[in-house]
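Below, subunit A partners subunit B and then partners subunit C, in two separate complexes.
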Partner chain A sequence: MPFMKGNAPIRRTLQFLEAGKLVLKDQIQIFAVNYNVYGDHHKGARDFVFWHLPQVQYKNPHVQIATFKNLTPSPFIKCFYENGHQMLIDVDSKSKEEIYDHLVDVVGKTKEVLRAEAIAREKKDNPANFGAHCDKHCICEIPGQVPCPGICPLPNHMRGKFINAKE
Partner chain B sequence: MALAAATKSLQLIGECVPCVKQNASKFKIKRLELDQHLLMYFRKDDYIFAHDPEKKCKTGDIVLIEKLPEKLSRLITHKVKEIVYPLGDVTDPFTGKNVVAGKFRDQIDKVNQAYGKLPTGFDYTKAPKRGWQEDKKDFSHVETYAKYHEDGKDQPYSV
Partner chain C sequence: MLRVLNCLKGLQLGAEALSPNPTLQTVRWRRKPRWIPKARSKLFKIPEIPKIPKEENDELARLFNNYRTQMKSIRRHFTYKYCTHMQKTENLNQKLEEEADLRRCIELNDKWNVEVKKTREARIAADIEKEVELAEDRVLERQRINAEKLEEAEKLVREQKAVAHTFITSENIDEAIDKAISNEVDYNFSIDLEGNKYMGRTKSPDEEKIAVKQ
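Presenting the complex of A and B:
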């Protein structure tokens, strides 16, 4: 790891950031962690913020992640949903692994959903695919292809109603 | 709840900062921005004006704001939804009791009683609501500046 200065610089590697397991559900807009800088029962929360918060923000670039220090005697995580609901998660005296796994179960997208999303993203990347969720809706949008029959009608020898019409 | 899901409300959580505008409060939104070379997240502050006609939010409160469907003015784009943690008056979400940093207020009261309560000590139950000294001794609700020009007009917020 070249140019890796500071405390635990492995947190700053792309491999570590990509290895984040927690992808928050689409509904969540704010992820707030409240913890104290002192106290043994806050140690898990502190470690979670130190190790896993960059991973969470990397996987969820559109979620606002906020930390509040030394507000309350007990540590907690609060998730704010789009529809106004708030989810309160108690992380008192839990280790950072426990907190992370709990979050993945409760507010994270499941592996199946992530797999389906990865496939959908692949489909979108392939320019040979048309239709919903793809870049182009129809092959008629590409210059050089047959133009859309809805805009300029096909010549009669290509139209079924003329081919099949009885003289 | 289908209709509620259809109305996407972009929510943000921010800290109230001093603001001179009427009907609006300024909020500092702390965001994390990835530095591509260091691959490290650094704090980036955005300032947002939110519609607050009664001026419920005082400087230092942590507030949840919601984006308005239409901008009220060029700068006022959000509205205040709820004050999550008012400054000095935080409630612990699990027990519902009032808290001061890492201690419960009733715990502090008990300790004070055991050691002997000072008459000059701050009493939460008897203290007036925040803002009673505004414009007299408390100038945290506006941005004060060093007076740079004496033009005869009254400049209440210049130092």
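Presenting the complex of A and C:
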């Protein structure tokens, strides 16, 4: 789709998609929104679908997101868990911000979890990182680098024992 | 563009008539809509039922049964593997943590739902009140219109009653006929160049004029 076509093309920008703060919990498999395309008390749900659903789908690529239009008298969101549990969230007459904040509280991962996951991902992702939970434990694993002195002794000209030795 | 070309194809025109581009080819890109009837040339065509020999049919059935059995077993195998995998990786501590978190979220959500329920019920009550008010207004308006109509009808009746003594009835019909015959009325007239009006079709201007009004 051309970039600047359609309603609010900002919704398709990477910056906007990445700004979403709702990362659903791992147990959630399906996220279903029921709303009507008319009616004042559905406005919040409608705006939520228009503005925030792209972000939610971008942040949760493995969650099935479904919208059901014009099937309900009052709007609601239903989340289906892995273990068969369901969470029903009534969003009648609520604004899209209120809905979004509540969802972050109720079905989203907490900030601590997200931070921990981000750290873990960074550790794993960045080849410049060494140590526990990283790709490489030590720089010496890379070919062409000096091996660890613990495994193989350094050349004599690098060792204090020989450099600082008294004649 | 394709749609237009398809329409043209329907008209037996083809894209060649429109465009000089020889590489352009019309494409039928979707099936015939459901509401389009069977083609006239195919209307009475009955497709032949394929005759499959018994041996071949038996062989197909055997192969298909085998296929079904194998697929079922593969599916069951994967289900079993998945279940055992899930049971093995289940961390009790993590599970307890997840359950606690879920309970907390449910509590939070229940609180929110109760609040929303209150506002929703208030909204519905207000809506119903508004509807009832509107309905009452409509009833009053309808009553007013009905009363006006009744008043108009009664007025008409009163007027007609007032002039009822001039009506022709079976008692005085002979009298009325006699009167009509004796007072002949002629609406025709002619005018001269000065614009004077002479009543009657055949009468000359010198004769006595006949009144139009009875």
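FYI, the second predicted complex is superposed on the first by the 122 of 167 C-alpha atoms of A that agree within 3 Å, B and C clash if a C-alpha of one lies under 4 Å from a C-alpha of the other, contacts with A are read in each partner's own complex, and residues count from 1 in each chain.
Here is the rule we use: contacts are C-beta pairs under 8 Å (C-beta built on N, C-alpha and C of every residue); 3 or more make two chains touch, one makes a residue touch a chain.
Predicted model only: the values in this text are computed from it and were never measured.
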Next on the checklist: For the combined arrangement obtained by superposing on subunit A, do subunit B and subunit C clash, or do they fit?
Outcome noted: clash
Next on the checklist: According to the stated criteria, A:Glu112 is in contact with first (subunit B), second (subunit C), both, or neither; which is it?
Outcome noted: neither
Next on the checklist: Once chain A of both complexes is superposed, is A:Thr72 in touch with subunit B (first), subunit C (second), both, or neither?
Outcome noted: first
Checklist entry - Given the touch rule stated above, what does A:His102 touch, subunit B (first), subunit C (second), both, or neither? => result second
Checklist entry - After superposition on the shared chain, which partner residues are touched by A:Leu17: those of subunit B (first), subunit C (second), both, or neither? => result first
Checklist entry - Where does A:Ile89 make contact in the superposed view: on subunit B (first), on subunit C (second), on both, or on neither? => result second
Checklist entry - Is A:His41 in contact with subunit B, with subunit C, with both, or with neither (first, second, both, neither)? => result second
Next on the checklist: Looking only at subunit A, is it subunit B or subunit C that touches more of its residues?
Outcome noted: B
Next on the checklist: Once the two complexes are overlaid on A, one stretch of subunit C runs into subunit B. Is it 9-17, 27-35, 45-53 or 135-143?
Outcome noted: 45-53
Item to check | Common ground on subunit A, meaning residues reached by subunit C in one complex and by subunit B in the other | outcome: 74, 88, 90
Next on the checklist: Touching residues of subunit A toward subunit B in the complex: what are they?
Outcome noted: 12-14, 17, 29-30, 32, 36, 38-39, 53-54, 57-58, 61, 64-66, 68, 70-74, 76, 78, 80, 82-84, 88, 90
Next on the checklist: Quick check on the complex: what are the subunit C residues that touch subunit A?
Outcome noted: 98, 101-102, 105-106, 108-109, 112-113, 116-117, 119-120, 123
Item to check | Parts of subunit A lying in touch with subunit C, wherever the complex brings them together | outcome: 25, 27, 41, 74, 81, 85, 87-94, 102, 105-107
Next on the checklist: Under the definition above, what is the set of subunit B residues touching subunit A in their complex?
Outcome noted: 1, 4-5, 8-13, 29-32, 34, 38-41, 62, 64, 81, 85, 90, 92-94, 99, 101-104
